[in-house]
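Consider the two complexes below, in which chain A is the common component and chain B and chain C are the respective partners.
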Partner chain A sequence: MPSSGLFLNELALLFRRRRTWAMLLALGAVPVLIAVAVRLTSGPPSGRGPAFLDQIAGNGLFTAVTGLFVCIPLFLPLTVSVVAGDTIAGEAGAGTLRYLLTSPVSRAKLLAVKYAVAAVFCLSATLMIALSGIGIGAALFSVGPVTLLSGSTISAAAGVGRVGLIALYIALSLLGLAALGLFISTLTDAPVGAMAAVAVLAIVAQILGQLPQLDWLHPWLFTNHWLDFADLLRDPISWSSYGQNALLQGGYLLVFGTLAYGRFASKGIVS
Partner chain B sequence: MNATATAKLAIQTTGLGKKFGKRQAVSNLDLAVPHGSVFGFLGPNGSGKTTTIRMLLGLVTPDSGNISLLNKPMPKSAASVLPRVGALIEGPAFYPFLSGRANLVRLDAADRTSTSSTRSNRVEEALEKVGLGKASKLAVHAYSLGMKQRLGIANALLRERELLVLDEPTNGLDPQGTREVRNLVASLATEGTTVFVSSHLLSEIEQMCSHVAVMSLGNLVAQGTLEELRSTGQHRAMLRTPDPNVAIEVFARLGLETKPEPTHEGDCPQLRVVLGSDAQVPERIVEELVRAGVRVRGFVVKDPSLEERFVALTGEGFDLAQ
Partner chain C sequence: MKPVVLKKWIPAVLAPAVIVAFAVGASVSAKAQVNLEPKTPQQLLELIASSKLTDFSGTTTATVDLGIPPLPDLGGTGMMNKPDVVPDTPNESGTTTSPEANVLSALSAISGTHEARIFIDGPDKARVQVMDSMDEQDFIRNGTTIWKYDSSDNTVTKGTLPETTSMKIPQRRGTPPTPAELTDSLLTLVDPHTEMSMQDGTRIAGRDAYTLELVPRSDDSLVAKVSIGVDAQTGAPLQVVVDAVDQQTPAVSMGFTSFTPETPDAKLFEFTPPAGAHISEAKIPHEAKSQLKDHKNATDQPGSAHDINDAVHGTGWDSVVVIEAKDVPKELAANEMLKQLATPVEGGKLLHISLVNVLLTNDGRMVLGAVSLDRLQAVANGQ
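Moving on to the complex of A and B:
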């Protein structure tokens, strides 16, 4: 963990940006939209729409789960792309990189701090959706004991705990993408280009994941376990997908963290 | 150079070179910046000044040669040397949505060796020194170019520094600001700080610096004290006379080169004479002129100016060097 004032300062900087709050509020609005739509059209479950949607009217906690599920393919990767793509390229584009490095900060430390801040954003984003979902779900629907996918029932408090676990799982799922973003961010001085490239890669990985012809590739895609959080809604919890996902994301962090360092350590700062 | 002289150098480079693609930005540069000097780093746009500064501060890795900053090798010792060096590099750059003060706090916090307990005091002091005390809470996007430049200088002054590297410090400043920077540099120099200033403004350098180096096309073409550089220049004289043709003959006989100076119609014609570095005694020249019947209405001897020396070293014209 990179200690020191730099990390706290960078973290404060992240949450002082209007952009960060705009993204977090947009993410937080997703469960609200879902809940309002379900409330206004409440009728018998149709069986269509995103997973868990039909359970919202029965238990408000499922608003959070549905919200997270809906945000995984596009909204979450998009916001993470913005933050991760901006890490180094944003500083370079603004010219502040030369002053940070001569203040001085070692390049390895700057990368570590920037990545840690991006990781905090991943967690903030998923927690935002979870909290907003729990809040609006409790406001518009009843919250009670949760019936899990395995058929058993747990208390509402334990249900909230499960939602927290899912938020953590998804934040973990995004760490590989954030590492990829950090690397791409060291390649350019144009932050917008880096952000777009990261977002495109997130979409491409998901498309590749849909093609059965590429079965051999799927275990290596950082998106492979993105939707596997349903295992956390069983009793007892099946931790295997958590473990596999952590291993995969860790691998991405190792590879792209190393590449980012290799690139950044020797890069001439001419911006 | 012997050991004691080397120890007194704040910046020393040997054989420093950097290529960007096919363009040789800096080649075989041997800089020697004495400790305690105010060192002017001159050169036309594109002559390699900023690349050199980026190499000195470890932002760009040289292709060849060595750098010693405060007697430590760069970029190897960046972590221990750079806290003792304040820098303004190619203009100020700050986060526009943060206040001037928050920007400085951020940069100071980035330096692991800075003391956090004195941070806010040091930031206030630096802001006061550059006259930004009242604007410190304003977001930087509301700053004028001159205010940003001042904030950049404040950043260089966040701690006690042994060396200041200021790239074009008076860029965008109004005349008062320019004067303040000059005074600031002078007062820092009297406290013993070495100041390395790059500029293409000769008058600035002439007023501030004790030592000068001149770059052209990535090469160092002159280096030394201001006096040394000036004295290698040529003395000139201006002659005002209604008999320019006769005067030219006299000068030719004395082996002196002349050039007619453009004058307004009706004004008395003027001639510019190059006296050479071993200036002939002026009264001898005037005596010859008068003897030949030239009506001398004015004769002024001018000391060599840095500007002429600069143009002689780096070439004339507006074309960018590379």
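Moving on to the complex of A and C:
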């Protein structure tokens, strides 16, 4: 079986699961909640609440940005932990890993496919929030030209493009966490344990990132650039955080991808 | 384990090794000696002075370490109001007016790391973008029109400069000056008080650079040394690092992280206030002298031009400024935060931040300078 067939198979498996859709719908509900709350009240005073919240009433597109911002610290890492922690441990726990390995696919390829599926989920999750935010923002508020952080104004279409870039950026930000999840998933046959461990690591990394005493560690935390997406709302766009983030996530993918391979390829599969 | 099994772990061992090699390689090549045509300090100063570079853009970072412990949040400007701001970012938009909050926001606006993008096109077009995590402040000058935009409260301030002035973008609290501006002011100190020497060339913002080191010829100065990195190709100052006497990390480190000696896009200097922004006009004094006449109206911060001219003692690095009790702003003298930070010494209280010592004498005067406590006390007693 060629690996593209396996990939589509695994992808279909992920999106046939009710759990996957429950998580995506929950993520999509976040911008809706925010928009309805802003609509029903007079809106927060300027400068309070999450970033960009005060701009939603003026421009519905900011619902998507605020939604993404609110989801980054907890909701997105949580859902990615579930998917990434499940990759191998889920199969092992359900006793299906043996059968999966009887197909003529190398274990390395199987790992790569599992990771690619998790990466697709990262992108679907952020796009879900972005699309839901744009949709509900357009329904409840006016959508017009967007004021960037630099004070320049761009058209609404270009604004949608920026929201798309932010969704891509955040999906990229989650790739390191997904690689970490893949590795932890090879360590255990209990998927729930793997999911919990990954989620905890995501929170711990963010807490460490808040401590000024650990300055030296911050550049090595996979959460370090999670909130830097505002650089995409400047004029001209500041691409340096995109590049640094890609390098960081790539490093995590390299380290934990190879660790996962070492563990998975050398492990005796009995279940 | 069997050798076959061990083989599977080879990539996992190699991956971190590759990353470490890259990280080490990057830091080695950053520190690698750069071979440049040797120059004397004098020749380097001429290179700077003869620099014809008028158009450039780049990203700068400024790191300021005041040598005081991180300050606690005192409501008003802290996390309660702005959960979107991480604690170490500056927040000078605080609308609360208590003196504690003002001092805090001033200190936090100065210390820490700030990033700004700078676009310069000739002497009369400039744009500085001070970037915070979720906000940005823009300072734009296009001919005689200047704009300030603050995204945190969506406000625009517009001003018009008199025709003849060659004033640069007005410096506001929290705006890092460009390396060129800082170097200019530092080079005026180059006189018999200072020992100048050339250090090994380095790479700054990916460009070969000369390093000029200035060491004060003074036992009292709090400044250990000042290093200036100068672009070998254009003569533009790229980096300024100021080391304090008893501090391991530099007190001030400011420099370009990327630098492009080309004319920036002209559109950057055209600013149209965004819809819905609060626009206010700022009055700009025509001459510095008119500022003196308006002294009472002007901000009553210590050390405005008027005070300094009257009260400087000593020269060069050893200069000490004495502010008489009547001129010390009351809110500053009564400030609880300052009182807690200050340590009692003979003759008053000492406030020490990396490069500056401030002596609040018992009779209410304020004596300050980038010098040791001994010298401050000597000046205070000498009057």
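Going forward, the second predicted complex is superposed on the first by the 265 of 271 C-alpha atoms of A that agree within 3 Å, B and C clash if a C-alpha of one lies under 4 Å from a C-alpha of the other, contacts with A are read in each partner's own complex, and residues count from 1 in each chain.
By our rule, contacts are C-beta pairs under 8 Å (C-beta built on N, C-alpha and C of every residue); 3 or more make two chains touch, one makes a residue touch a chain.
In this text the structure is predicted, and so the values were computed from the model without any measurement.
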Practice problem: Assess the superposed three-chain arrangement around chain A: do chain B and chain C clash, or do they fit? | Solution: fit
Quiz item: Which holds for A:G262: it touches chain B only (first), chain C only (second), both, or neither?
Solution: second
Quiz item: Should A:S142 be classified as contacting the first partner (chain B), the second (chain C), both, or neither?
Solution: neither
Quiz item: So after the superposition, what angle do chain B and chain C open up at chain A's Cα centre, nearest 10 degrees?
Solution: 140
Self-check item: chain A: partner with more touched residues, chain B or chain C
Solution: C
Practice problem: Tell me which partner A:L254 touches in the superposition: chain B (first), chain C (second), both or neither. | Solution: second
Quiz item: With the two structures laid over each other on chain A, which partner does A:R17 touch: chain B (first), chain C (second), both, or neither?
Solution: first
Quiz item: Given the touch rule stated above, what does A:F69 touch, chain B (first), chain C (second), both, or neither?
Solution: second
Practice problem: Tell me which partner A:S238 touches in the superposition: chain B (first), chain C (second), both or neither. | Solution: second
Exercise. Once the structures are superposed on A, label A:S155 by its partner contacts, choosing first (chain B), second (chain C), both or neither.
Key: neither
Self-check item: Nearest Cα pair across chain B and chain C, whole Å
Solution: 7
Quiz item: Which positions of chain A sit in both the chain B and the chain C interface?
Solution: 266
Exercise. Spell out the part of chain C that touches chain A in their complex, as residue ranges.
Key: 1, 5-6, 8-12, 14-16, 18-19, 59, 70, 81-84, 86-88, 93, 117, 129, 131, 133-136, 138, 147, 149, 151-154, 156, 257-258, 265, 268, 271-277
Quiz prompt | Complex contacts: residues of chain B adjacent to chain A | solution = 20, 54, 57-61, 78-79, 82-83, 85, 87, 89-91, 93-98, 105-112, 116, 155
Quiz item: How about chain A: which of its residues touch chain C in the complex?
Solution: 46-52, 58, 69, 145, 147, 149-153, 210, 212, 227-228, 230-231, 234, 236, 238, 240, 251, 254-255, 257-259, 261-263, 265-266
Self-check item: Residues of chain A that touch chain B when the two form their complex
Solution: 4-6, 8-9, 13, 16-18, 94-96, 98-106, 109, 266, 268-270
